[in-house]
Every structure is written in C-alpha cells, then in structure tokens.
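Should a chain be cited, it is by its letter among A, B, C and D, assigned in written order, with residues numbered from 1 in that chain.
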Amino acid sequence: MTPATTTKTALLHLSGVSKGFPGVQALDDVRLELRHGEVLAVVGENGAGKSTLMKLLAGIYTPDAGTFRLNGEEFSIEGPRHAQELGIAIIHQEFNLMPDLTVAQNIFIGREPRSGGVFLDDRALNRSAQELFDRLGLTIDPAERVEHLTVARQQMVEIAKALSFNAKVLIMDEPTAALNDAEVEVLFELIQRFRTPDTGVIYISHRMDELARISDRITVLRDGRYIDTLETATSTVGEVISLMVGRTITGEQRPGQVQRSPDVVLSVAGLSTKKLLKNVGFELHRGEILGFAGLMGAGRTELARAIVGADPIESGRITVDGREVQIGNPAEAARLGIGYLSEDRKRLGVVLEQDVATNIVLSTLPAFTSKVGFMRDGAIIRTARDFIGRLRIKTPSANQLVKNLSGGNQQKVVIAKWLAKDCDILIFDEPTRGIDVGAKDEIYALLEELARQGKSIIMISSELPEVLRMSHRIAVMCEGRLNAVLDNAEATQEIVMDYATRFSAEGTVS
Amino acid sequence: MRSRLRGQIQQLLAFASLIAIVVFFSVANDRFLTWANVTGILLAATVTGLLALGTTFVIITGGIDLSIGTGMTLSAVMTGVFLTYLGLPLWLGVILAILFGGLLGLINGVNVAVLKIPPFIATLAMMLVAAGLSLVISGTAPIYFKETPDFVRLATGSLIPGIRFPNGVLIFIIVAIIAGVVLKKTLLGRYTFSIGSNEEATELSGVNVTKWKIAIYTFAGLFTGLAGVLLASRLSSAQPALGMGYELEAIAAVVIGGTSLQGGKGSIVGTVIGALIMAVLTNGLRIMSIPQEWQSVAVGAVILIAVYLDILRRKNA
Amino acid sequence: MRSRLRGQIQQLLAFASLIAIVVFFSVANDRFLTWANVTGILLAATVTGLLALGTTFVIITGGIDLSIGTGMTLSAVMTGVFLTYLGLPLWLGVILAILFGGLLGLINGVNVAVLKIPPFIATLAMMLVAAGLSLVISGTAPIYFKETPDFVRLATGSLIPGIRFPNGVLIFIIVAIIAGVVLKKTLLGRYTFSIGSNEEATELSGVNVTKWKIAIYTFAGLFTGLAGVLLASRLSSAQPALGMGYELEAIAAVVIGGTSLQGGKGSIVGTVIGALIMAVLTNGLRIMSIPQEWQSVAVGAVILIAVYLDILRRKNA
Amino acid sequence: AGGGGDGAGGGDGGGDKPYIALVSKGFQHQFWQAVKQGAEQAAEEFDVEITFEGPDTEADVDQQLQQLQTALDKGPDAIGFAALDSQAAGPYLQQAQDAGIPVIAFDSGVDSDIPVTTAATDNKAAAAEAAKHMVELVGDTGKIALVVHDQTSVTGIDRRDGFVEYIEENAPGIEIVDIQYGGGDQLKSTDLAKAILQANPDLKGIYGSNEGSAIGVVNAVTELGLEGKLTVIGFDSGQAQIDAITDGLMAGAITQNPVGIGYETVKAAVEALDGKELPKTIDTGFFWYDATNIDDPEIQAVLYK
C-alpha cells in the first residue's frame, strides 16, 4: 500500500472551488488533491459539502469558481457524459438507477452493444454484465429489473456500473452506507483491484473504522470549507473526528446488563410470507432495544414491512400489548402505536418535493389540526424547528425542500418524523444510514433515552458494531428465518456472524 | 420568511400573462373592457372554473379526472330530475345535485384507491357511463326548469343590488376561496400534496392513503355537482348531450395554472388564473371577430407562450 | 430466465379480457364472427390503433400527446394538398404526408424537451393549432382525391389476391410489428423506457435526453402522419373538421393495454390489444343494436372490468 | 343607416355600415359554410358588415350561447341566430329585444315571439320526403335502418322523427331495424353503418341524415362490396354525395337551400333595420335530387360542393 507520493503532478487537483445554492454556501474555496494510485478519503459532517464537491466532478453542477486539473492540465466539465469521457466515474449517494430497466440495461445505459449497428443485442449486454459481475465476484441476475432489488443490491449495481467504465478517477459517495460487513469486504477487494499507478479513488464515508483500512490520506471538510488533509497511517480516528466536528466525541460503549421489563409489548409468532419469511417468532419487551442483524437479503426489511402491514403476510400472529391484532396497512400499525422507518430513504422515507417541516410532521398531522379544522402552521413550524435543533439538521430553514438537503440530513428528517409521532414501538430500519459520527452518537443517545422512557425499539442495522453497541438483545436472521436471539452480554461479532451465515441444509433460496 | 415572500411575488407574477392578454384585448377593441363583457367573461369562466377547482385536488394527488365533463352533465340532469320531475324545493334539489356529484367522485375514489385502477381508466369509464346515463335518464331530451323560475337566477341573477354582477360569478369566487383554504389549511389539503409527492412514503408514515384518496375524489366530485347545477341554471335547462370535452378544458386550466400532472405541486390561485386566461382568450378573439378557424390557432399559440414565459420566470426567480 | 417466461405468460393472459369479450359477442350474435365483420373491426381499429402505437412511445417516456387527433386531420389535409392541389405522384405525396406528421411530432418534441413545456400543454397547444390550420388550409371544405383514384385503395383495397383483407389492416399489422421491434430492440426504444423510468438518472448516465426526447416525439409523429393518410384514403377525402376526441380514444387504448401514464412501463402488444378491445366493444354493441346511450354505459363498464381483471391477474402472477 | 342608438360604431369594420352578427349551429361543416356563403353574398349586395360563428358540435349549447352573448356585447345592429335550444336561449333573446336589436331566426324555428322572422327549412317535412322516396324505391316491405348525425339536436331529432313517422304512417310493412348516431363524423358513421349492415344482411335501405352520415353509409356499402344491393338515401349535398348519386351508389338525397338560408337571413335583417314589414316565416324550401335531376339548374343552384 505505498502510494506514489513522489509524483510531481497529482492525478486530480482542485483549488478554489466554490458553489452556492439559494440560502446555502455549500462549498467555499475548497481544494483537494488526489494522487496517482491512492485512495483519498473525504470526510465531514452531514451537509459539509462532500456530495456537492463530487457532483461538480461528475458534471452535474457547474462550480461558481475554482480550477480543476487532471494530470496537471486544466479542464472544465460540460456534463455527465463529458465527465465519463474524461475518465471520471461516480457512485452517487442517492441511487440514480432506472427502476424499470434491468440490471444490465442500467449498467450499460448509453453504451449499448448493437448488432449490425441497429438492433440492440441484449444477449451480449447480459453477457457483458455477467462477465463484469463474475470479475467483481457478485451474484446478481443481469436480467432482473432493478425495481425488484433490495437497497443493498441496488448499491452493488451502482458500484458495478461505476467500475465498468475503466475510469481513471473513481468517486464513491458513501458506497457502504447500505452494505453490511461481508459486502463491505467485497467492495474493498474491488477497490484494491481497481487501484493502479494510473488511477485514483475518492472515497466518502461516515464509517470511521473503514478509513484506516482503505484510505491512504484523509481530507476533512467542515461547513463547506477545506480543513486539512492527514496521512491515514499517522493519524487517529479521534483526530479526524475532532477536525470534522470541531470537538471530541466520547468513545463507544456497550449497554450494560439491563434489567429487562417483563411486559411484552409486541409478540410475533409463526410469521411467514409468500416470498421469504419462514415461521418467524420473537417478543419485544417494554423499554427494550432489540437489534436485528443479518446478511443482505436475510429478510429483516421484509419482516418489518410485514409487521406494519406494508406487505401481506401468509400466516402468523401478531400480538400488541397482549391483544392479537390484524394489521392491514401502516396506518393501522400507527394507530396501534407502531412506527416504521424505512431503509429506502429516497423512495419510502422522505417526501422529497415537500419542505422539512411538512416531512417532520407527516405522521402527526392530525394532532396539528385546530378545533375548526385548520392546520396550526405556527405549531408545525415550532415543532419542526425543535427537531431541527435537537437533531442538528443542517437546513437554511424549516421551509427548505427536503430534496435540497444533504443525504444525512434527509435521514435526520425521517428520524425526526418518527420521534415526533411518539410511538410506543419503533421499528428503525437502518436508521443511521449516511449519518455522520457526531450525529450518530446523538441519535444513539436519543434512542437510549426513548428506551428509558419505556418505548420499545427494533433496530435493524447492517453495521454490526452499531447493533452490538445499541441492542439489549440481538436477533439474527438468515434466509427469512430467525436463527437466534442473543443477549447482548453473550454476543460477539463472531457469534452473530456465525448465526447469520447458518444457511438451511438444503441451501436454497426459494 | 424570505422564501415565503418570494413565493408571493411569484404568484403575483403569475398574473403577468393574464394581464398582458387583457391589456392587449383592451387596446385592440374598446368593447372588451365593458362591464357587461367583463362579467360575461367571468360567467363564462365559472363552469369550467368550478370543474378545474375540483380537479386541481385530484391532479395534485398525481391522478386525473376525465369524468368531470359528463359528470357535470349528469349532475345537471339530476338537478332536472330533482326539481322538475320530483318537484323538490329549490334548495333541496340543488343540495342533492351537488351531493350527487360527490357520489360520482366517491365512486371514482373507490375505483382508484381500493381497486387500484389507474385514475385515467377509472375516470374514463365514469366519463362514458355518465354520458350514457345522462341520455338515458333524460330520455335524450333537455329537461327544462319551467316550474322553478327562480332556479335560473342562481347563475345569472344578481344578488348585489344595483349592479349587474352575476350570482354565478359570486358563487365561483366564494367556492374558489373555500377550495384555496381547504388546500392550504386543512388536513385534506396537506395529504393531497403529500400523496402526490410520494404516495408510498406517505402510506408508510401511517397515513391511511386509501381513505384520504377516496375523500379527495369525493370532495372534487362536489365541485362537479355544483358545476352541473350552475350549468343547468345558466342554460335554463339540463342539456344531456353536452359535457364531453369540458374535462380537457378544465384540466388545461389547471395545468396552465402551474399544477403539475406529476402530482405534488399546484395551487388554487393558479387554477383560477388558468381558467381566466382560457376565458379571456376565447372571449377576446370573438370580440375581435377573428375568423373562427384562426381563433383555435391563436388560443393554442398563446397558451404555449404564456406557459413558456411562466417557466422562464420561475427559472429566473 | 424465469422472469422472462413469466413475462410471456403474462402477455398471453392479457388477451384474456379481449377473448372473453369476443366469445361473448360471438355467442350473443351469430353475425359477429363473420369474415367481413372481423375485417371490419380490424379496419375500424387501424386509425386509432396507429395513433395509439405512436403515443405508446410518448406515454412510456412519461409524456402525453393530445395533438394526435387533430394532427392526424392536418396530415390528412396535407395529403390532399400534396396529391390534389400540387398533383404530386401518389408515393411521394404519401411519404411527404407521413413526414409532415413527423414534423408535428418534432415541434412537440422541441417544445417539450428544449423549452421544457409540460407535454400536456405543448401538445394541447398543438392540438388547437392543428385543428385551426386544417380548416384554414382546406378552406373549411373537404379535399377530394379525384386525380388519384388509386389512393383510395391504400386503405380498403386488398393486396392479397383472392381474399378480402383490407390493405389498411395489413399496414397496421406491419407498422405494429415495426413499432414493437423499435421499442424492444433499438436504442430509441431503450431510451424511451429509460427516460420514462427516471429521466434524471438517464441524463446523469450521459444520455442526451433532450435529443432523444425530440427523436421519440418525432417518431411518434410519423404514426400520426400515417394515420392521417389512411384516414383520408378510407374517406376518399380529407375531412378538415374531424379529429377532436380521437386522441382520447387512442390514449385510452394505450392505457387499457397496460402502459402506465407514469412512464417507464408499456408494450406495443398491450396497445394493440387495447385498441382491439375498444374496436370490438364498439362493433359488438352496435351489431347487437344496443341503444346508443346504453352503448356508452356498457363500454365504460367493460373497460373498468377488463382493467380490473388485468390488475388482479398481475397481482397474482 | 345606424341602428337604434346602442349599436352605433361597433368595434368591427370601422365604417358606418350596419353590422349583423350571425350565430349559427356550426361552422366547420360544409352545410354551414354554404349558409355563410349565402350570408356573405347578401352582405355584399346590401352593403352590410357581417360575422359568422358557430359552436364545434350541435351538442354545444353552452358554447353557442356564449357566442351569442359575445355577439350581443359587440353591439350589433341586428342578429341572426340558429338556435340549438331555443328555450335555453330565451334570456339572451330577451336581452337582444331589450337592447332593441332585431333578431332573425334561421335554419330552424325559435320557440319565442322575439325573432322578427324565421328563415328555415322544415326539417321534418324534408325528412318525410326522404322517407317517401325510400318507400318508393324499396317497396312496401323490408328492413331499413337510419344513421343519424345527432341524438339530441333539433335537426337530428327532426330529420329522424320526420322520416320514422312517415314510414310508420304510410308503410307499415317496412321495419326500421336500427337507428344509430355517428355525430356526423364520416369515419365513425362508416364503421357504424358497416356494423348495421353486418347485423342485418337482408337490409333493403339506409338513410343518412346529414352529409357526414350519408357519406359514411356510402363508404360502408363500398367497403363491404354491397354496391347496388341496397338503397341509400342521403341528406344535404357536398361533392362526395353528388358523386355518389351520379355513380349510382346513392339513390338520391334531400337538399335544403343553405345558400338561400344565409342570404335570406341577412336580407331579412337589412329589411328589418329599414323598418319593413316581414312575414313570420321565410320558407327556404328543400328539394329531392337524384341522378335524373341533378343537372337541372334549379337543383344545381341549391347544391354546394
């Protein structure tokens, strides 16, 4: 892992880059240097300007100011196509896939193989995609339509697409946010293989542990400004974090032995769905954080959706506070005090075209109706501002459209929505996806506070350390089955992974 | 704050095209800006305007309602049934006819929200069924309101003493204000926007989307019913063969007013302006005695230009 | 693989409603399944069918084309101009008329893709302009094809010796196959789906969305042109006052065929089936001499049921 | 000239010619274009200014009344009006009378005393004439059908009822098996007539109630190859119908005198403005024409192409 630090001219060099949006100066005189053959991590809090900087490089936005140099030569980017031609490939933070097209069609959009110059050759297309996946060690059906893929698999498609360009500069904007450890390994393997003396990788992530493993240097942004660049080898996580947030963050700790309440607030028995789930049963106690671990496609999301009535169940019993219930849709679940935060932020979480305040109160709107039936907008704004402050959501105002927020701040908006609702049972599916380290800690604290108040939380997460840090108990799923429910004290990464990979004897994913 | 102010300036500017058109016609023809002609334009805008008001809600949810034209006709026929055939008191007949419009909306809503039939198909089917039933119920002949002469004054009479300001226009203004308040200030309005922006996310937020969609279509149906009543009043008769094509005009008014067929965006003010642009254009060209075949060309061209200018304006704002 | 097979079975099943309707009418009236009537139904389906084929592309991009009805009329009038007024040779006149349809599509495409005018407005404006120009150019009178008697055989003559199989139907079948191949097997088709599925992502993938949208609207326009030619041929004349309302019928055929107005989803097979359902329904009810007002009710109800069954089927698939 | 006080110097034309606004039942169809032509002839002859407008279809009562309203607002000296629904037009006619604007009804009668005169054809009688010829051509027995252009408009109803009533009274042996409505759209009428012919292979005759309907019937007959197998009777004229009659595809048709209607309307308006006494009705007449008399100058004069 010795980067070619001696090279005089950097592979990519940016200086004096600025970009403003109405009400926000997203980037202010930022510089960045990517050397040949290196992986440069770019870190910063939510809304620091990381994605904006990358979108400039991808030709999506045009900068207000700044010079770009590629191998010492100044250039400007006219658009996405031009960026591709220059050898810059990007994996976007928010997916940019065409859900109605197949995986292979998505990957090769704009570069379709044709037979005789006229007709599309989908067989060749699928073959190329298959070759690509084989090379990358992925098992995805190239002919599957993207809308049928889980978020994690969509992420893999994005990654494969970017790698298929034979680019010189590969930009990855939080590629692991939706992946779990096994898939992260695959990705790192890919990055190492991609890296040659001619290429370089810009890697954005909020997972600090990854930085040491993959990056050579780390550039820190804060509030749209360049702060510093560190050599990974000679710096500590604590240093990086304090540069990012301007203060220090206390280390992680696991919950101690908690006195579990005997009250069962939610009990699930024999739950099966047509697609995946097989005979899942568990109990959730009052004041408990129950973590759900598992590999991609283990069925955790499907279980959550089945419980809140978003998907039909085939058999099984759900009991809330001792009463058996039939939950036909999420509205009924909400009435029973069960809230579900989806892992698919863009599609199922936020209402992108509405403002922050509207999103925060979306689940609680009826409570903001006055006696005569009018909405109490003052109260809505007050509540929204309260959460904007508590979760430190970076937005110029409560009236900003959510689509103009950074990814992490959008996630905070979704969390705020469910905190506002005051549900007794919260099912959080990948709640910290894309959230910066500082904010993560605050969210952990919030969840713990909720649990102390007697709320019960199911926390689905692909970040095993997070599950271990937060959960009183840990449920491990595999292939739609619930393989184990462990006490925090007895759980280690190894034990959890062991249960998560105990595939059924037949080894079939029906 | 600042963004709210900007929003209001934008809405004022949305008048720009309308005002330009009005100024043009005033200069071109001195008959245009007479009291009689202006109230005539307003009255002409009421029927499609009312349809457009209701449809604004449906369109903001990301749906569409093709049944408003013939649904209005059927409501007019039902007004005839209630008042002339059954001899009900005026107020009761009118209320029942409006509720009947709501019933049509309810059926649309159930088809869309419960049976999950695409709104285009569900309301197309309703359009055809309503067209047929209007003819069946009326026996393919107009129903007149001989027994209720007051009924005719509902649209064209003038409540305000002294000035000739048609009641129909007054009703339209009041109803538009109500629609605006409902859209901006009530739960129904909020969910209308939210469903249109992201139906799935709204559903997962614990909102009973099915129920609210039905409510929205039903609410929109009430406007159809009222439009039917006013139409019947203006024509002193329920004309059973009318109505086809009105839906397009109303939807055009909505879209010209800046409401997006993709859903999630729209306003009542915009719809009112859209309806006025259509009515002013039609009237102005007639007043100028432009040959009829050229009128159609001119309306098309002006709509295009007006919307294009509106797009430019928003881009620069 | 499995999903592809499932896709094909689905498409076969999509015939179900159509077949059910055909079986019903065959049983109800023994004149229904005669050769002459079946070819009659097919011929009746060609004009709106052609319009529907082109519009399928536009709708899959997430757009809409309201100008196809009067655009067809204008193309028919231009056929008259080329053949009768200018006396061009038959083949040349026909090609020019088809290209003229493409030109209308091109204008729509530019308005939508470059000026960013919402498709509904852009094509509504074109609808009005085309309606007006048809009357202006023809002098509000039909143009006849006296000098080119062969022209009439284009639609109703029979190339296949021995059997009476109208050329118009043959043309429709060929064009439908071409449309199907273009949609499935060419770049134009691929980008049609891609744009409709996620326009922004398509753009970010380096596809020149503006250019391709213009291409798609232009391509769709060619169908409008051809529909105009066939219409003129069937009526032995270009009728300038026709056309309004045809767009709705064509769009209905597309949507009944399972193409989503949201964009991203659709098929030519579906559109053909949709057009056939409409034509069979209309013909069957007429053959049965159902009173016309009830025909409209029946068509509405059957469309609703057919689409509902289709939705159920897909859910269970 | 100059009408009574109110209408002086309307925005149109500029000069001080009297201005007469005509609101008809349509404008796109040839029949109405012929009416317009007659009106223009008269306008030239009597040196008056006219405008001519009509709704898109004969179902558009609302659109027509708006056009009438605008016409009134223009302050004309006289108005010519062909009512789609004369009762619905009542208040507007009242408005005209109050403003002292004389109204000339044309094409079909107006159910009101306000019009000073009516220049019209008796559509019912004309349709009965068509029926009479149908009976003569197909004999006393057999099946016939009607393709009518409109189910609710006055002309549609009169041309249907006049025909049907004549058959019922005078030829009880003839069975009317079907009446369908094609909106005057040639293509729709073609497909519709084909369906009727399919359903009733033993049909002896079809009557099409206006130009579009009649041409639709002729198209249906040729597309099915039934030329000469049944009797087609049409209404109105137009090149296609004239050709069909010359070629023997159509037995004959009724024509009104649209040019005459337009001419008489404007002429009556001018006379009303001059204060002349007018008869209560001006019958513009109708004619049966077929291959035998189509070239007569008297027929040629009332046909439009």
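We take it that a contact is a pair of C-beta atoms (placed from the backbone, for glycine too) under 8 Å apart; a residue touches a chain by one contact, two chains touch by 3 or more.
Please read these numbers as outputs of a predicted model, since none were measured by experiment.
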item: Euclidean distance of C-alpha centroids - subunit B vs subunit D, Å; value: 33
item: Approximate Å spacing (C-alpha centroids) for the pair subunit A, subunit C; value: 44
item: Subunit B residues counted as touching two or more neighbouring chains; value: 135, 140, 244-245, 292
item: Residues within subunit D bordering two or more other chains; value: 27, 56, 151
item: Multi-chain contact residues (two or more partners), subunit A; value: none
item: Contact graph of the chains (line, ring, star, complete, other); value: other
item: Listing of all chain pairs that touch each other, if any do; value: A-B, A-C, B-C, B-D, C-D
item: Sites on subunit A touched by subunit C in the complex; value: 58, 60, 79-81, 83-84, 92, 95-101, 105, 109-110, 112, 114, 118-120, 143-145
item: Complex contact set, residues of subunit B against subunit A; value: 1-4, 181, 185-187, 189-191, 193-194, 197-198, 200-211, 264-265
item: Footprint of subunit C on subunit D - complex, ascending; value: 27-30, 33, 56, 151, 177-178, 180-181, 185-187, 190-192, 194-196, 198-199, 201, 212, 215, 219, 222-225, 238-240, 305
item: Residues of subunit D touching subunit B in the complex; value: 10-12, 27, 51, 53-54, 56, 59-62, 65-67, 69-71, 73-75, 85, 87-88, 90-91, 150-153
item: Residue ranges of subunit B in contact with subunit C within the complex; value: 64, 66, 111, 115-118, 120-122, 124-129, 131-133, 135-136, 140, 244-245, 248, 251-252, 255-256, 260-261, 292-301, 303-304, 307-308, 311
